[in-house]
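The following pair of complexes shares a single chain, subunit A, combined with subunit B in the former and subunit C in the latter.
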Partner chain A sequence: MPDYSWPPMDKRRVIGKRTSRLDGTAKASGKAKYSSDLNPPGLLQAALLTSPHAHAKVKSIDTSAAEKMDGVTAVRVMSKPGTEIQWAGTEIAVVAATSEAIARDAVRAIKVEYEVLPHVVREDNLASVGNRAKPAGEQVTGDPDAAFKAADAVSENLYSMPVITHCCLEPHGQVIAMSADKVNYWPSTQAVSTVGGDIARSLEIPAANVHVQMDYMGGGFGSKFPSDKWGSESALLSKASGGKPVKLFLDRATELTIAGTRPSAFAKVKIGAKKDGTIVAWQSDSWSSGGFGGGGMPPIPYVFTKIPNYRLNHTAVSLNAGSARAWRAPNNPQASFLTCSALDDLAAKLKMDPLNLFLKNVDITIRPDTYRAQLSKAAEIIEWKKNWRPRGENASGHIRRGLGIGISTWGGAGHASKARTTIHPDGSVEVELASQDLGSGTRTVIAMVAAETLGLPLSMIKVKIGDSNYPVSGPSGGSTTVGGVSSSTRKAAMNALQKLFDVVGPSISAPPDRLEAIDGKIRMIGNPDKGLSWQQACQKLGVNTISEMGENDPKRTEGLNTGGASGIQMADVSVDIETGIVKMNKLVAVQDCGLVINPKTAESQVLGACIMSVCSALMEERVMDQQTGRVLNADMEFYKLAGIGDIGDIVVHMDITPENDKRGIIGLGEPPAIAGVAAIANAVANAIGVRVPSIPLSPNRVLAALNGRRNA
Partner chain B sequence: MSSKKDPENPIKPASGFSRRGFIRGVGLSGGALGTGLLEQQEAQAAPAASLAGPAAAPITLQINGKPYKASVEPRETLLDTMRNHLDLTAAKRVCDRGTCGACTVIMSGKVVYSCTVLAMDAQGKELQTLEGIAEKNHPIIAAFVANDAQQCGYCTPGFVVSSKNFLDRHPNPTYEEVKKGLGGNLCRCGTYMGIRQAVVDAGKQLKGGRNA
Partner chain C sequence: MQNFEYANPKTIQEATALLGSSWSDASVLAGGTDLISMMKEELTTPKRVVNLKGIKDLGGIHKSGAGIRIGAVVTFDELTENPIVRSEYPSLAEAAHGVTSPQIRNMGTVGGDLCQRPRCWYFRTGNGLLAMKDGQSLVPNGQNQYHAIFSNGPAYFVSASSLGPALIALGARVKLVSASGAREVTADKFFVTPENENAREIALAPNEILTEVIIPSGKGVRNATYEVRQKEALDWPLATASVALTMKGGAVGSARIVLGHVGPIPYVASAAEKMLAGKIISESVAEEAGKAAVADAKPLSQNEYKVQLARVAVKRALLEASGKKA
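And then the complex of A and B:
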């Protein structure tokens, strides 16, 4: 069996080099075709009718007027009479027509009678949710009551983060065509290899009858794994319309209402410490909602998991609101915010520099040495010693400046992945995987690994992904993709190369196991003059191609990839105490990593995660209206995202070192998306001298906190 | 409907000829009403958008220097017309309400959100889309690639068009100018650091003479 291990750092020619993404020009010139861009011949457009009520029973539905309209080809009821609707935005019916305008007109012509039922859509006041609260039971370790009594300082506060949405710019949806029991499916998905089986189950057809293709997708962040009801219903509309392809992508309001959320997190946290800052006790009463299913328990205390005495109580709240989906590092940003806020408030109570308090307690974290080093590094970059002042003491007129710390941890080992590498007699190389590039640079990483392994320039490698006919590679979630596809590609390419060596060896009188592929040549190890160019070597294949598989088995990664990434982020903000506006000066991310295939796109992952954290910390909130039961800001005007002028400066530091390199690849999607909110919230508390307990740190909340009011 | 980005300059009727302006002109010069000129001018102004609808009517749009014909209803936006009728899909439909900038195109030299322009109102205007900018190999595209100013790429076409137009008006900009100039576009993946650098880099290149 060949040695698949990564080549030594100093011998690499492609891996580790800052490489521009291979599909960059296609995307930046508008040539990249996303599934939502496809206009196959005969295309029909579909539109959804959704429930205006958060909780209701469908009494009757009349689609006759819609069916009679010119241009309407099919109408399907998705919530039959008798169905109990549990959130506004639930799909009621769907129409296919020859144009979008007609489909929308037809939706308006459908008559639905509802029996409206009482709803609960807000969880901020736990006392008012009644029987929607489902306590998860108490967990106790040690003797928290005695520990709090013995503590020199105890800090107690209520902190909260609201539900936010994924707000993918390309909405959820697909183009789909169904004839008889065969389906051609062009979704916007994070799961090319599994979404076909998913829709096949809904349609009750064999999974083998579904062909999934997707070249580009416009953002998922954890919300685009399932095929969803609108997928299978669009297929059935197609079938009812003579097999013509049907396009249905959610409109923006529906996207923000039903296509995924991140659960909220509320917690009363009590934390106790000795005079020197050593944490001795933790108690939290937390609650959260991820929609009707409840859910979303943040893992607190976060990272500082070895607090000797603690008591945890969590309550899940079921709301009549759109359901949660995985959101970049599920439950971790919330846990980081709750924990780091409590630590920061404790430091203030002890009149201690929070950096010293974090450092004092690294021994009760899961990776003391890493966090100690990262805290020091981040402090150095943000010039903590020079810039930090006790709370509220860094003032210049009505501007207050502050610094804050956030912490993170994540897994990120590679998922199950199979790859096929094909070498053609003309020297061209293909690598095929049923994977997907969410914008994280997966295509480029696959090409880099193949090029490195085969000793070829990147331009020689053709990467083929986004098609369910290729070898099965896992969905992209949990930071598992780069580890998975790199490892399977490495093995497939190496297996193919061995076959080529077997053919080439005899022709140059060299034993195949003494050959190497380097700089576009196959040559003898230690005798660089003895060899052939890649093209000459491949010509020896005659009319045959070499096609070899490689597999990453998460149970046996053979050192190619692993999990376990720590991170520290530090924020520097200025707050205008007259307007309440928080301005980002700087966000510093010190991100743990393993072997980094492409530092350029890896860095982009960290930068992007930091910017998403700015959005979440300062702007994002799904606002529910208890009166109507609807999302009040299901648009992009009032569901706020940061713009290019809102983010300040962002500094990324990754330790790409021989020591870390030995760990193998660690995924970087989730890890940097965790600590930013905590860092920014702590920086604001440091700046203005009081805690703003609720995220987002909008001007009204900042002003309310300054005025000593809890709620804005 | 007028573009948010161009509030002081409402969109003029399709032909560039307005009835009110014409009658005002007649009033000043006098006598034309009796000469048959009015009918003649009206005929030349066809197909007048104000008379079309509610059914679909034929229109011609001048996009990237080429005429494109389509049959659209008066309510169809320029964005939907490009995407659904003309297979010009670089501009993306994201917010569909004039907020995010993913549908940005250049109309008569100014950036507009094509989701807030009616297709019929875009007749007679010079339209430039990312497809046209890409044909000319504008250096902003290479700068986006070199600076990794994109991830999923769905906001990217809008950003590239806005950047191109911004650079036309602000050669060699500073970071601060870029932040203000591109405030009308939103990205979800978080690519602003790369975009900022890409626009500054492209500005330097343009100042060097290419495409200036």
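And then the complex of A and C:
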């Protein structure tokens, strides 16, 4: 069996080099076709009828007028009479027609009678949610009451983050065609290899009958794993329309209303410490909701998990609102915000520099040495010593500057992945696997690993992904993709190369196990002159093609990949205390992620995550109206996201060191999307002298905190 | 979007002949930045859409006596780049520049800015202009952080116009033309507080087209606009103030102070205007004027912060107009 381990850092020709995305030009020029761009011949357009009520029972539904309309090919009821609707936007019926205009006209012609039921759509005031609150059992460790009593300082505050949505630029949906029991499926998905099986279950057909293809996708962030009702219903519309392909992508309002949320997090946190800053006790009463399913407790206290005495209470709140889906580091940004805010307020109470408080307590974290080093590195980059002032003691005038800290942790080991490497006699190379590239650079990373392994330039590698006919590779969730696909690709390429060595060795009188592939040559180790060019070597295959598999088994990663990432982010903000407007000066991200295959796309992952954190910290929230039960800002106008002028300077420092490199590859999707909100919130508290307890830090909340008003 | 007939007239006369007596007969299209989204949401479903961009007479910025005339289809970008506007009417150039984003500045027009519908999220989600339910507005008991601080109801939305406050402060008039003739109204009279669900928030009738804006000479009038807007990217102001000052020596002769995004129509801050007469603008005078401007504000449950924003906007606009940049 070949030695699959990664080549030593100083011997790498491709891995570790800053490499632009292979599909960058295609994407920037519009040549790349996303599933939502596809218009196959005979395409039908579908439109959804959704519920205007947040809680209601469907009494009757009459689709007869819609069915009779010219151009309508099929109508399907998705919520039959008797169905209880639990949120506004629930799918009631769907229509396929020869044009979108006709489909929408037909939707308008469907008559539905509802029995409207009482709804609850807001969780900010826990006292007003009644029986929607579902408390979980209390968890206690040590003796928190005694510890608080003995503490030199106790800080107590209520902190909150609202529900936000994924807001994918390419909305959820698919083009799909179904004839008899065969399905051709072009979804926007994070799971090319599993979404086919998922839709097959809904359609009650064999998984093998579904062919999934997706070249590019426009954002998922954790919300695009299932095939969803609109997928299977579109397939059935297609079947009822003679097998013609049907396109259904959610419109913007529906996308923001029903395609997934990140749960809110509210918590009264009490934290106690000794004079020197050593944390001795934690108590939290938290509640959250991601929608009808409620919301679990964020993992608090976060990172500082070895606090000796704590008491945790959590209440899940079920709302008549669209349900939660995984959102880039599920529950971690919330946990980081709740924990780091409490630590920062504790530091203020102790009149201590929060950096010193974080450093003082690294020993009760899960990776003390890493965090100690990262805190120092981030502080150096943001010039903490020079720029930090005690809370509220900033220069006079209406612009106040502040610094803050956030912390993160994540797993990120590789998922199960199989890859096939094929070497043709003409020297061309293909790598095939049913992975997807969410835009993070997966395609490029696969090519880099194959090129490194085979000693070839990147341009010689043809990467084929996004098709369920290729070897199975896991869904992209939990930051597992890069570890999975790079390990399987490494093994497949290595196995194929071994076969090539077996053929080439005898022809140059060299033992196959003494050969290496480097700089486009197959040559003898230690005797570079003895060898063949890649092309000559492949010609020795005659008419035979080499095609070898490689597999990443998460239970036996053989050192190629692992989990456990740490990160520190520090924010530098300016706040106009007359208007409450927060401007980002700088966000510094120090991120450990093991062996980095492509520093350029890795940094770009961190940049994207930091931008998401700025949006969430300063402007992003789903606004629910209790009177109508509806989302009021299901648009890109009042669902506010940052633009280029709002994000400030982002400085990324990847912790690329020999020690980290030895750990193997660690995923990077989630880790950098965690600490930013906490860092920004703490920076604002530092700038203005008071805690703004609720995210996002919009002018109304900042001014309310400054003026001592109850929060809006 | 529902189907409609599309008309592409070449003259104002042809265009007015295509309009009807009710709003559902026809909508006029200029930049389309508001109309298209209204049509997509089916908040408006006109039988006919009349494109104004092909009408030459509706374009251009021209000198007119001592002042200027601005055609209705002049874009925000044309406005901000025009040398006369930049030098004599900086408050207008600033208001136009504050329209985010570059795409909207490139497409959106002067007439469209004045005629656009409110952005109130109850209105935009299909609850009607006044958001009435069971005889009561949804706004006072609802999510009203972006709503009016100057309103006695039942309209609690805020006028979305960016240029309106500056035009009122500069004493502009707007010209409205129908098949039966033309009329001019002063900019402050163009905005109307609707009293019922069927009323509109502007003085334009369904059979009229706003053809141009006429601004008197800005020579010697110190003017500025200050917008408080959370984001640099696409976003609406939370409060704005446009001021126009005629000077007597170093002191204010007369002042016009108009607030935007604080009420169903731009709010003329008369008390602050009176207070400023004869005063030399300083930080403290500007601060006092800001306080006077919002003295009658009646914030709703979630928008008390807007009172402060309006006050600060007035202060900063005055300091800017008087050359003491805030």
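Everything that follows uses one rule, which is that the second predicted complex is superposed on the first by the 711 of 712 C-alpha atoms of A that agree within 3 Å, B and C clash if a C-alpha of one lies under 4 Å from a C-alpha of the other, contacts with A are read in each partner's own complex, and residues count from 1 in each chain.
To be clear about the criterion, contacts are C-beta pairs under 8 Å (C-beta built on N, C-alpha and C of every residue); 3 or more make two chains touch, one makes a residue touch a chain.
Here the structure is a predicted model, which means the values were calculated and not measured.
*Asks:* Which partner reaches more residues of subunit A, subunit B or subunit C?
*Replies:* Of subunit B and subunit C, more residues of subunit A lie in contact with B.
*Asks:* Contacts for A:645 in the overlay, against subunit B (first) and subunit C (second): which applies, first, second, both or neither?
*Replies:* After superposition on chain A, A:645 lies in contact with both partners, subunit B and subunit C.
*Asks:* State whether A:623 touches subunit B only (first), subunit C only (second), both chains, or neither.
*Replies:* It touches subunit C, and subunit B stays clear.
*Asks:* Based on the superposed arrangement, let me know which partner A:610 touches: subunit B (first), subunit C (second), both, or neither?
*Replies:* first
*Asks:* Looking at A:637, would you say it contacts subunit B, subunit C, both, or neither? Reply first, second, both or neither.
*Replies:* both
*Asks:* Which partner does A:362 contact after superposing on A: first (subunit B), second (subunit C), both, neither?
*Replies:* Neither partner.
*Asks:* Could you look at A:704 and tell me whether it touches subunit B, subunit C, both or neither (first, second, both, neither)?
*Replies:* Only subunit C is touched by A:704; subunit B is not.
*Asks:* For A:101 in the superposed arrangement: first (subunit B), second (subunit C), both or neither?
*Replies:* After superposition on chain A, A:101 lies in contact with both partners, subunit B and subunit C.
*Asks:* Of the partners subunit B and subunit C, which touch A:164 in the superposed model: first, second, both, neither?
*Replies:* neither
*Asks:* Touching A:581, do we find subunit B (first), subunit C (second), both, or neither?
*Replies:* second
*Asks:* What is the shared patch of subunit A, the residues that subunit B and subunit C both contact?
*Replies:* Common interface on subunit A, subunit B vs subunit C: 101, 635-637, 641-645.
*Asks:* Provide the residue numbers of subunit B that touch subunit A in the complex, in ascending order.
*Replies:* 73, 75-76, 80, 83-84, 87, 89-97, 99-100, 102, 129-131, 133-134, 141-142, 144-146, 148-157, 160, 178-180, 182-183, 185-196
*Asks:* Mind listing the subunit A positions that touch subunit C in their complex?
*Replies:* Of all residues in subunit A, those touching subunit C are 101, 104-105, 578-581, 618-619, 623-628, 630, 632-638, 640-646, 698-700, 703-704, 707, 709, 712.
*Asks:* Give every residue of subunit A touching subunit B within the complex, in rising order.
*Replies:* Touch list, subunit A to subunit B: 20-21, 23-25, 27-34, 36-37, 39, 45, 99-101, 167-171, 216-219, 221, 249, 251-252, 438-441, 600-601, 603-604, 607-612, 635-637, 641-645, 647, 650.
*Asks:* What residues of subunit C sit close enough to touch subunit A in their complex?
*Replies:* Contact set of subunit C toward subunit A: 1-3, 100-101, 119, 121-122, 124-125, 127, 133, 138, 141-143, 145-146, 228, 230-236, 238, 302-306, 308-309, 312.
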